[in-house]
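Some notes on the structure that comes next.
Chain nomenclature is as follows: A, B, C, D, E, F, G and H, assigned in order of appearance, with residue numbering initiated at 1 for each chain independently.
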Amino acid sequence: MDTRTMLEQVKNGEISIEEAESYFRKSPFEELGYAKLDSHRRVRSGFPEVVFCSGKPDAFLQDIYKRLYEAEGEVFGTRADVRQYELMKQVIPKIQYDEVTRVLKYENPDKERKGKIAVCTAGTADIPVAEEAAQTAEFFGSRVERIYDVGVSGLHRLLSKLDIIQEANCVVAIAGMEGALASVIGGLVNKPVIAVPTSVGYGANMHGLSALLTMINSCANGISVVNIDNGYGAGYIATQINRLGVETY
Amino acid sequence: MDTRTMLEQVKNGEISIEEAESYFRKSPFEELGYAKLDSHRRVRSGFPEVVFCSGKPDAFLQDIYKRLYEAEGEVFGTRADVRQYELMKQVIPKIQYDEVTRVLKYENPDKERKGKIAVCTAGTADIPVAEEAAQTAEFFGSRVERIYDVGVSGLHRLLSKLDIIQEANCVVAIAGMEGALASVIGGLVNKPVIAVPTSVGYGANMHGLSALLTMINSCANGISVVNIDNGYGAGYIATQINRLGVETY
Amino acid sequence: MDTRTMLEQVKNGEISIEEAESYFRKSPFEELGYAKLDSHRRVRSGFPEVVFCSGKPDAFLQDIYKRLYEAEGEVFGTRADVRQYELMKQVIPKIQYDEVTRVLKYENPDKERKGKIAVCTAGTADIPVAEEAAQTAEFFGSRVERIYDVGVSGLHRLLSKLDIIQEANCVVAIAGMEGALASVIGGLVNKPVIAVPTSVGYGANMHGLSALLTMINSCANGISVVNIDNGYGAGYIATQINRLGVETY
Amino acid sequence: MDTRTMLEQVKNGEISIEEAESYFRKSPFEELGYAKLDSHRRVRSGFPEVVFCSGKPDAFLQDIYKRLYEAEGEVFGTRADVRQYELMKQVIPKIQYDEVTRVLKYENPDKERKGKIAVCTAGTADIPVAEEAAQTAEFFGSRVERIYDVGVSGLHRLLSKLDIIQEANCVVAIAGMEGALASVIGGLVNKPVIAVPTSVGYGANMHGLSALLTMINSCANGISVVNIDNGYGAGYIATQINRLGVETY
Amino acid sequence: MDTRTMLEQVKNGEISIEEAESYFRKSPFEELGYAKLDSHRRVRSGFPEVVFCSGKPDAFLQDIYKRLYEAEGEVFGTRADVRQYELMKQVIPKIQYDEVTRVLKYENPDKERKGKIAVCTAGTADIPVAEEAAQTAEFFGSRVERIYDVGVSGLHRLLSKLDIIQEANCVVAIAGMEGALASVIGGLVNKPVIAVPTSVGYGANMHGLSALLTMINSCANGISVVNIDNGYGAGYIATQINRLGVETY
Amino acid sequence: MDTRTMLEQVKNGEISIEEAESYFRKSPFEELGYAKLDSHRRVRSGFPEVVFCSGKPDAFLQDIYKRLYEAEGEVFGTRADVRQYELMKQVIPKIQYDEVTRVLKYENPDKERKGKIAVCTAGTADIPVAEEAAQTAEFFGSRVERIYDVGVSGLHRLLSKLDIIQEANCVVAIAGMEGALASVIGGLVNKPVIAVPTSVGYGANMHGLSALLTMINSCANGISVVNIDNGYGAGYIATQINRLGVETY
Amino acid sequence: MDTRTMLEQVKNGEISIEEAESYFRKSPFEELGYAKLDSHRRVRSGFPEVVFCSGKPDAFLQDIYKRLYEAEGEVFGTRADVRQYELMKQVIPKIQYDEVTRVLKYENPDKERKGKIAVCTAGTADIPVAEEAAQTAEFFGSRVERIYDVGVSGLHRLLSKLDIIQEANCVVAIAGMEGALASVIGGLVNKPVIAVPTSVGYGANMHGLSALLTMINSCANGISVVNIDNGYGAGYIATQINRLGVETY
Amino acid sequence: MDTRTMLEQVKNGEISIEEAESYFRKSPFEELGYAKLDSHRRVRSGFPEVVFCSGKPDAFLQDIYKRLYEAEGEVFGTRADVRQYELMKQVIPKIQYDEVTRVLKYENPDKERKGKIAVCTAGTADIPVAEEAAQTAEFFGSRVERIYDVGVSGLHRLLSKLDIIQEANCVVAIAGMEGALASVIGGLVNKPVIAVPTSVGYGANMHGLSALLTMINSCANGISVVNIDNGYGAGYIATQINRLGVETY
């Protein structure tokens, strides 16, 4: 109904003033918002849904896994525990779980992976977060190079991998404790660096807050930061960036 | 001139091996005594050096501006003040300054700009940071769309610009106060969002820390964050991302 | 006893100086405070007492539940655990408990509910806090509309419920992570919004502190904030507001 | 004129459908280039726009004041300085300014005020914030009772004013330092209390953060909190609450 | 005159019941419009009112100084500036001001001082806070020993003054930087220690917050803490404690 | 040995330069410190040692309890658990333990208690801290009045106990959540108030930090603060204060 | 390959532009970095590797212990638990474990120890951190003096050990709660003091952050600080310092 | 003259026992009324007193400079301003001042400097702090190598200076922003690294707190940290360390 029709019906008493008032209060959203948002849903569907398992009620989780698996033929979840693995196995027998990375997935085995993302960690304790990032990016179709344990206190380890890192479309730099890795990598590559602080450390590290601050204050160019331990988020944005580069070749 | 162009000209015989050698041979940094100008930066990163003017001693700043201008034919600095503008005018008469954005630059007028970056702000008070981002990106060769004053408290303003925002290779979302803009945009686009918290606000905003936390904790995918008021950093990484997309077309 | 009588008795030695001194020290409170405070107790009794179960000693809790149930014919407690449920069942056999919401109550089944409060959450993990708010408000006689999982990263979900939200006398906006929901709703309604940050999230969310800061710094009008996870507090003040509106019709 | 009045006049034939159509048809915001004036705000929220003067460029501020004054016949701004007052006087000669409260307004002198809001402060140093709240509420049509300097360290002062406070539809409790006033008032009234922490204090007060925390953690029911020194925000939501109560009588 | 003296004179017939009645009958506060002067304070607490000058409007301050001086024959204010001194001189010509301590007072020259309070500082930069404490305590009738510049990095300085410190009824320990003085003194005396953190220091001292935390966490017994730079508060409570001891002898 | 003798022996080669150097490095402490410190130990012995049980190795704890009990005929420990109680019972069969207060003690049953300390709590959840304070003070010989559950949200409860509170030599005000109790009591008594923040609360209470900040910033006079949940510390300093008053009568 | 050869091959088409580009991007690191870094490894090997056991996967830990033991004939790990001890015993039967210090090591019994490091603690609860420091330093060949439980609240305990402390090449000062020990020792010795804050304490101690701040802000000279509970780090740097002194004699 | 020299001269008869006695006999501190000059400091620590000029009253500062200059023949102060320079020139005409470093000193021109300290900065903005450290160390007799502007974002700059850095007895690593320099240097040298965070940066750097946290959490061995901008403290402890190494040769 357009404005004039609405007003005429008000005048004629065909609709009440209250109805008309409520119509005008929300009209700009109806006009502007809906169509775009709906079409947008389709645009955005380049990324399948990923499940954050931690804390989800069992029945709910089983339902989501089943539904996603039926719709997509594959399914991917992060921060799952062994108990959840057992439960999902009931609905998707071939589902796979790894205790270190806490990823619970069934992934199409012959998925083509494109471009290149380098996922680097400062230490071995950062690997769970790194694998969350790497496997997320792989699930979304990115090729991933893993370069682990190249923290800045032994610089030669990092420099010896420079070739591989410099070839990537995007670098994910993952570090706990003081988080200096991101700054050093930022100075060595010409592609975006997504920095992931981890909660690895103790004392004044404050569960990763210190590493987060380090990364946000980085003196190097081309670094931006996601939440502490947010491997998934890094894998997601790194894939968005990688896709821009991938479509080049 | 960048590395690839240089090498192509070597191959085509447009420049001699000697010229190219001298280009690559120059020490990767130039020792000024008080500082080490990173002349290898362009080779390594493909980005010319940009000057952070605030707090630099006068003579030092003039020297850097002169040196960069002579080497590149253009020069770009952020967070300059009027006094510094007057001083740089002495060495580069045609240099330009804008008090709101605090950018002090001479930019090649016929530079070709490619791709697209959308720079969005929540309010008008965020514009200085936005212009630092936009002009940085433009100086580095990106095309920029400015979409200002589209904060989430009047959602229809943002939705009416959705078309333009969705076309960009990268969105820079700039907001102070509670910084919710990044999350809302993150849910509406399928390209990376670089979030910039600003120090706009008061009270529990704590000079932008609150907006930074909002953005780091965003529930939306595809968002990563730079330091408070760091328009330059956002413009830099957005250009890195845009370049990946640009080379596609 | 009035001042003159008191002084005369001091003079006559009928009361000691110490007694008189202590009388004058507290007299303004006796004169001004008591009567009002007592009558106020009765005024305030529009709200029955609600029990915060967590950490209460068992015997004490049983006693309170029994006493309240005998006095009011119903009883309502928040943050109870299963063990407490078993204990209260001993004294009030028909008491009801729900593990997700942790509400432990017996509520008059034919209570009339008036007005309307909209209780909205950003995600499904915020539902326990939302139910604490909703059931508190219902126990106090408010009609409640539940609109869950309408976080800002998928704006169409929220906009599709706008009708219902705009009709309420008060909106309770509940969100963890970055807590942007409150700002977006604040821009869409013309009634007060009570924002409840939740501890849902991880990393730099700092157990809800980040969401709290977002909400306190909101750029939207008409928003005020209660403590992290304080569903009860939101349900209480929302009912106070709803009652003002209810008495209109 | 508000939406409901407009619709009633349409119904009664007091204004033509064409006039009404042009009112509703106007784009929901007015593009000023640097800003988007939210002309749909009154339709959506029933509140005219209020100007946050601090930091706004001069020309922009003059333009907004002029535009709002022409549209509404009155205009209201907070956190203005003397220089801005002089500038606005050029475009609205009868505009009024008060240095203590920093309110810069022209207000319709015969505006009817309804209902009642009690604005209470702990000390005299909180009065500027209180006046921002009180005058905002008055501009929006609320009747306001001012009860200043009733901090909890001299409880008899507060108790002596209890009658007036208990009659209000909403209480605004404003305090710096430790901010205990809100809790004490919360225990004495049965209407919503909007608590405003102020930056009054020193040392571990941390510019009002301490008072904010006190208020958010209040043990009393019916309290919610706005940002530090945010008198405007308190006046706004208090008016929303007051309107619900006003329409009762 | 204090309450007890008044009552004794009533008993002895030295003043009439009428005179006493008028003393006690006066309203427990005086309504000044902008403020409520707490005239009941002396009855309740045995302490005359002290003025916190910083930020008080000029007319208000003059009015308060005049009123207090007329009532008590003396007046005492803290954190005054030179301009305020000039203004108060207009109403109380013999008023005295000291720029270092920022105390603005006229004090009865032949006041008897009783008991003993030791006021100790770690460094010379803490002296302004110490003098605020010492002169406050003296104004309230305590005898004060000043022991300045006895910080823990040169322990022999403190140990050489141990005799004097151990004789006091109460010790005020004032320190900025890391604030260790309170713990060391706490281990050396058997009387209460009131610790005052100061904002002296830089960097991670965070304007005194670090010293405050040190003092609150002290491993020594018998220490309690007031706000950063709160010399007045320390002088007040030290006097309360000293009075308990004084009445012994 | 004095300085001259020392120097003569250096000259004569009777002692080495190294020995002399080390002598002079520490001499001021030997001269000033020792005697005083030793005599001080005896002075300080007015307070018997109290045991902080939490985290002490079993054998060590048994040893301490046994030794103290043998020396004093009584023994007092805080923050003990049931297991420690069982262990101490092995060495002191008549030892007593209370799970709520976590005090593990054997106290001389006919100890005379003097003076008066009022221990007040805002809520029932603060009682464990309050009992730690009260029983500590009683163990040290103070008479204690317990006034529990008099939080500021129901002011009449506090005012009805004013007589008892005003008679004490020292008031201990214990509160979690927003901690406003200390300020209100501070305004009602003329004796020192020792404020104890507790970790009771949730969310932005940050384990008692919020209550601590409230108390440190109190607008009332005569308040000083000890660490969060530090009932023992409050009982200790309250006793020091009470003793000063006790010796009066 | 040198630059000229490279360029000639580009010209001749012997290598592609892409290969050349990648060569030039990383050249400065190859030239400068490698040789030095590798030779540096040998230089640095004065310190054998130490294992941070906490959180290491079992198989990985066994492997490291085995490998280090085979290479060095001894092995040293910190923050181990009993379960890890049992596991390592399988591969190194004579390995030793201490539950209090959590050190898991086999150390060459006839290692010569040189120089002197004094390891001091404020309390007994700091001993686990102290032993981590002491045993680390001993494993690295330093002689260590343990001076435990010399906190500043009983100064005579510390002063009585002054001789021993003043003879060390480096002092490690370990304290939780308010951490004042470092400042006091700093004022008593002429050698570097490495301060170690511990997480011993509660409430506003914030898991050692308060002690860290105390130590960082110390008014004494010659103090620097390592992370909370970082005994290993202190033992390491203390050994570096001690070695400088050791080589003197 | 230091203690050891004095004693050697006593032994050798170069000075009389009387002269030596008067040296040692002087009270370990000099009472100035407002301060206690620690004349025992040199005996205790081997370091002459250095003046922290900022905030010292003029007369006091002149007095101290004069006194120290007369006693030592030289004098050294940090954080002085131009006005203080003018004032000190009145008492010590040949005193020298440098605006960038803010050091105000007269130093013996032919002082022998021993050992080696490397003072490194990340950027040019860190130079004032670096010079405070370097000149402090030089005043105390250390040889200093300055290596400025070698931040981690251009790693080749640092690596090119590795030789010089590795030869030092102690490295001072100075950095603002994210402070990663200390970790990288820590991994490259085998001597102690004293890390100095600076307040250089903006936004989430929080005046150096972020760099401080980075350094405290460093993953590299052999790093300890002093307060933000505390160049003096670093120069002091670096000298203590350097002296240990110096005496070797």
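Criterion: contacts are C-beta pairs under 8 Å (C-beta built on N, C-alpha and C of every residue); 3 or more make two chains touch, one makes a residue touch a chain.
Small disclaimer: the values here were computed from a predicted structure and weren't measured.
Q: Quickly list, by label, the chains bordering both chain G and chain H.
A: Looking at chain H and chain G together, the chains touching each of them are A, B, E, F.
Q: Count the C-beta pairs in contact for C-E and for A-H, then report the pair with the higher count.
A: Of C-E and A-H, it is A-H that has more C-beta pairs in contact.
Q: Measuring between Cα centroids, which chain is at the maximum distance from chain B?
A: Ranked by distance of C-alpha centres from chain B, the top chain is F.
Q: Roughly how far is chain A from chain B, going centre to centre by Cα mean, in whole Å?
A: About 25 Å, centre to centre.
Q: Report the inter-centroid distance (CA atoms only) between chain A and chain E in whole Å.
A: Inter-chain centre distance comes to 58 Å.
Q: Provide the C-alpha centroid distance between chain B and chain H, rounded to the nearest whole angstrom.
A: 39
Q: Can you list the chain B residues in contact with two or more other chains?
A: 28, 40, 44, 154-156, 160, 188, 203-206, 209, 212, 216-217, 221, 227 - these are the residues of chain B that touch more than one other chain.
Q: What chain pairs are in touch here?
A: Here the touching chain pairs work out to A-B, A-C, A-D, A-G, A-H, B-C, B-D, B-G, B-H, C-D, C-E, C-F, D-E, D-F, E-F, E-G, E-H, F-G, F-H, G-H.
Q: Touching residues of chain D toward chain C in the complex: what are they?
A: Chain D residues touching chain C: 44-47, 155-156, 159-160, 162-163, 166, 169, 188, 190-192, 194-195, 212, 216-217, 221-227, 233-234, 236-237, 240-241, 244-245, 247-248.
Q: Along chain E, where are the residues that touch chain G in the complex?
A: The touching residues are 122-123, 151-155, 177-180, 183-184, 186-188, 201, 203-206, 209-211, 213-221.
Q: What residues of chain G sit close enough to touch chain F in their complex?
A: Where chain G meets chain F, its residues are 100, 124-125, 155-156, 159, 162-163, 166-167, 188, 190, 202-206.
Q: For chain E, which residues count as touching chain C in their complex?
A: 3-4, 7-8, 10-11, 13, 17, 20-21, 24-25, 28, 40, 43-44
Q: Can you name the residues of chain E that touch chain D in the complex?
A: For this pair, the touching residues of chain E are 28-29, 34-36, 38, 40-41, 55-57, 60, 197, 199, 207-209, 212, 227-230.
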